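Note that the chains are named A, B, C and D in the order they appear, and that numbering of residues resets to 1 at the start of each chain.
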Amino acid sequence: MSEPFWKTAISKVEPNKILVRGYNLMDLVGKYNYAGLTYLLWRGELPSTNQSRMMDALLAACLEHSLNAPSVDAARFVASCGVPLQSAVSAGVAAIGDWHGGAIEQAAKILQEGITNLKGTNQSIEQTAINILKEHSERRERVPGYGHPTHTSDPRTKKLLEIADQTNIRGRHVELAVSIETLTEKFFHKHLILNVDGCIAAIISDMGFDWRMGKGFFIVSRTPGLIAHAYEQMYSEKPYKAAEWNEITYTGPPEKRVAD
Amino acid sequence: MSEPFWKTAISKVEPNKILVRGYNLMDLVGKYNYAGLTYLLWRGELPSTNQSRMMDALLAACLEHSLNAPSVDAARFVASCGVPLQSAVSAGVAAIGDWHGGAIEQAAKILQEGITNLKGTNQSIEQTAINILKEHSERRERVPGYGHPTHTSDPRTKKLLEIADQTNIRGRHVELAVSIETLTEKFFHKHLILNVDGCIAAIISDMGFDWRMGKGFFIVSRTPGLIAHAYEQMYSEKPYKAAEWNEITYTGPPEKRVAD
Amino acid sequence: MSEPFWKTAISKVEPNKILVRGYNLMDLVGKYNYAGLTYLLWRGELPSTNQSRMMDALLAACLEHSLNAPSVDAARFVASCGVPLQSAVSAGVAAIGDWHGGAIEQAAKILQEGITNLKGTNQSIEQTAINILKEHSERRERVPGYGHPTHTSDPRTKKLLEIADQTNIRGRHVELAVSIETLTEKFFHKHLILNVDGCIAAIISDMGFDWRMGKGFFIVSRTPGLIAHAYEQMYSEKPYKAAEWNEITYTGPPEKRVAD
Amino acid sequence: MSEPFWKTAISKVEPNKILVRGYNLMDLVGKYNYAGLTYLLWRGELPSTNQSRMMDALLAACLEHSLNAPSVDAARFVASCGVPLQSAVSAGVAAIGDWHGGAIEQAAKILQEGITNLKGTNQSIEQTAINILKEHSERRERVPGYGHPTHTSDPRTKKLLEIADQTNIRGRHVELAVSIETLTEKFFHKHLILNVDGCIAAIISDMGFDWRMGKGFFIVSRTPGLIAHAYEQMYSEKPYKAAEWNEITYTGPPEKRVAD
């Protein structure tokens, strides 16, 4: 028998009823917050109070980073072109790539593999951290989730680790992530801070999330900011934002003649 | 003097500090929830506890509507093509148009104009409702925010009105929206329910939001669901979802010969 | 009977055969160029040699405008984020809005209405031009398709009008468009050139295109340039292009304290 | 000295002049076709007549494939939502991923590595084909560019190879691609046809294109079709295309009660 064309395990809509992962969504709204219901949507089970609180902080901590983010810059150019709000937000979301929020999934993968490989061995978390750093430095690759172009101590990391402590969510993945940070200087000749991507990666790993869901956190987190920027561009700025012709450095060949 | 190229009133990033609308974001995370901080981002001021609670419910109530939504359908086709998660979400956001969530801004505009025009007159809210219905039925246009293809009573409307009552946010815009619903049958020969778009429109109007921010609520609300569907499509379904050639009805001209 | 869910008059695919508007596409490739086949796709009939030539020039003339275009700027920010090529192009296409290429459809609508209203009257084209200019200047609106932020004489307009002459496609819509240009100074106190958007609008109107297809020309025309820029950004530039925090002018409120 | 923020080697805009790769674009329009100028944009040099002709055929051959393509399906859902034309096209372009047109770059990479590795050896093209097939079958991976879900003989491949012969562009990469096709049955127990992706990959490799430009061909090729479908959906179909709730198979858990 062939597969149904439209199929999902996420939710079921029928007249006057919306089930999410088996629960009537309207029984949950008001009891669980948006972040907690996002947990249900993504994990298939209801969160504890601590899990809801942690989810909320994860989504709130990187709400906004001004124009100092390619997604926001892209969204503002699009928003200046006479398009509806969602078009600018859509372009901003398209920018949440491997180098902009994407370190969450890369770091979560490394941390999860590190902790998985520890099982049944006598190896310490510190030794695992050393192995990860060694591999990356030998391949001359950055460890995803470490270092930041603007911050020398990422304020979001500090706050999220605090809440991970308060909610008893902090576990071995966070321990590994922090251990890597401590040792970065040995391998990369300068201290590389655990940035917000790496911190989210560690916490969602301790919460049991699949690393491939990593970008989802960053997308939800940044969407309200993208909306705020699109709105500001559309209603407080002049239309048609673009680089001026005389501020663009041309690096191509000098003018050539076309043969007749 | 020329305007600076990069300029915003939303936030300020400097090393180790992120100000949102003047507040240090890290002083707020944990005290305010994601929905409350979205309020700050969009409005420029901190929400009260009731406003935070209402924001959270507004964002939670339409988190998910299964494949019975063009944005989700679009996202799943894109997700089936060997692309990163954010590409599918981006395509889904692009679908949040005038006929898919867009009724929030259209309805909010009508409700806000209706209430504004009442000021300094003796006209009742009911009379305003009648005027709005009359104008639309004479132009043979639907009133945005009323009627639903699937639900005969929108479960989200009921829940959101409950919370608007509990938080003392319910005001004249909600009153007008409900009054219109009551009278729809007179003008359109069938009862048209106040749907979730119309309900959100009324509540955010009572909260003082600019109607042009309407789509923002729907976009944030649906993003976690778009992510869940993109993830399910990518990791639980076969690649390359497409209509089969023999299930497509061709309505064009019969085969023609090309002259030599 | 209900409508089929998947339905189109554009083309028909069956094993080993692709019909476009009734023609076997493979009978046409090599005989007709890409631009001519685009005409077939959009119009439903095969173009004449002159129509193919004109189509090709319309698509070629605005292939590229460097970073002096919001679509290209947006595409480059997205391309810098570690995403596949198509994501950057997709974001660039999303920027082809009412103020970036969109003047083609707005201008074509005005020109087509102008010429349609002339039918059966004794009114001259010049008088129609005057009416259009008068209406816009009274509403203090720009006439779409006139003026350019960079060019004082749009080189693309000159070239396209030349080819419209050579192909005998130049007709009353072009006449009206040129007449408007001649008279702009009278109504707007400075000469506003017929820009490439206005020129394409006039020519496609003389070719019989629906004005609502206007943006299609600009989208196809700019796509190769968007691809070139995405490629250059991805493979010749550093990752993560973003405005630096200290080059962003913050115009929001000064730092505030959060009450405990 | 720091790098300029806006920088490109592709083109230079100044008032009344647009240089592309050093040539005044307006000297070229009319002499070179759109496809030939796309070659200039992407390669940095003017094409020969044969190269222009080949480019044109490459872009024309996969103009359209009806709703039997995820990009078109996605575009139509988006187009049904009350959005501008470019939003639907943008979503369609976002779907040109690794499994939808993306085989061009994967196949071109394999073919180019195969031919590069041949240099200075006595190995035959057939032996290279065997090596490629062997590697893939041992890893239980498909060879990109071979096989098609709808066509048993891809009509576009036949036509493009014909034109590659006529233009003397057919070379060792095409030879290798055809050799692989001939041998597929030995390694995969059924004949896998050289599909249009594989064929384009081979031809652009013989033309000297970087394999990473592969998706560019498919994007340009499909854009006019995406526009035609968006237009048809917007102006000939009902708004809000979505899967009906009762046609969606729910595979999640049965309804659960929420504990009070």
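Annotations for the structure displayed:
The rule is simple: a contact is a pair of C-beta atoms (placed from the backbone, for glycine too) under 8 Å apart; a residue touches a chain by one contact, two chains touch by 3 or more.
Since we're looking at a predicted model, the values are computed, not measured.
Sharing over half of its contact pairs with B-C by residue number, the repeated interface among A-D, C-D or A-B is A-D. Chain A and chain D touch with mostly matching residues; of the residue numbers seen at this interface, over half occur in both copies. For this pair, chain C with chain D, the centres built from the Cα atoms lie 23 Å apart.
Computed from the mean C-alpha positions, the centre of chain A lies at a distance of 30 Å from the centre of chain D. Spacing of chain A relative to chain C, judged by their CA centroids, is 36 angstrom. In chain B, the positions touching at least two other chains are 6-15, 28, 66-68, 83-84, 86-87, 90-91, 94-98, 102, 150, 243, 245, 248, 250.
Within the complex formed with chain C, the residues of chain B that make contact are 4, 6-15, 19, 21-24, 27-28, 31, 44, 46, 83-84, 86-87, 90-91, 94, 243, 245-256, 258.
Those residues of chain A whose C-beta lies close enough to touch chain C in the complex are 66-71, 73-75, 77-78, 80-83, 87-88, 90-91, 94-100, 102, 149-150, 239-245, 248, 250.
Interface residues of chain C, counted against chain D in their complex, comprise 3, 6-18, 20, 25-26, 28-30, 32-35, 37-38, 41-42, 56-57, 59-61, 63-68, 84-87, 89-91, 93-98, 102, 150-156, 158-160, 162-163, 212-213, 215-216, 219-220, 223-225, 227-229, 231-232, 234-238.
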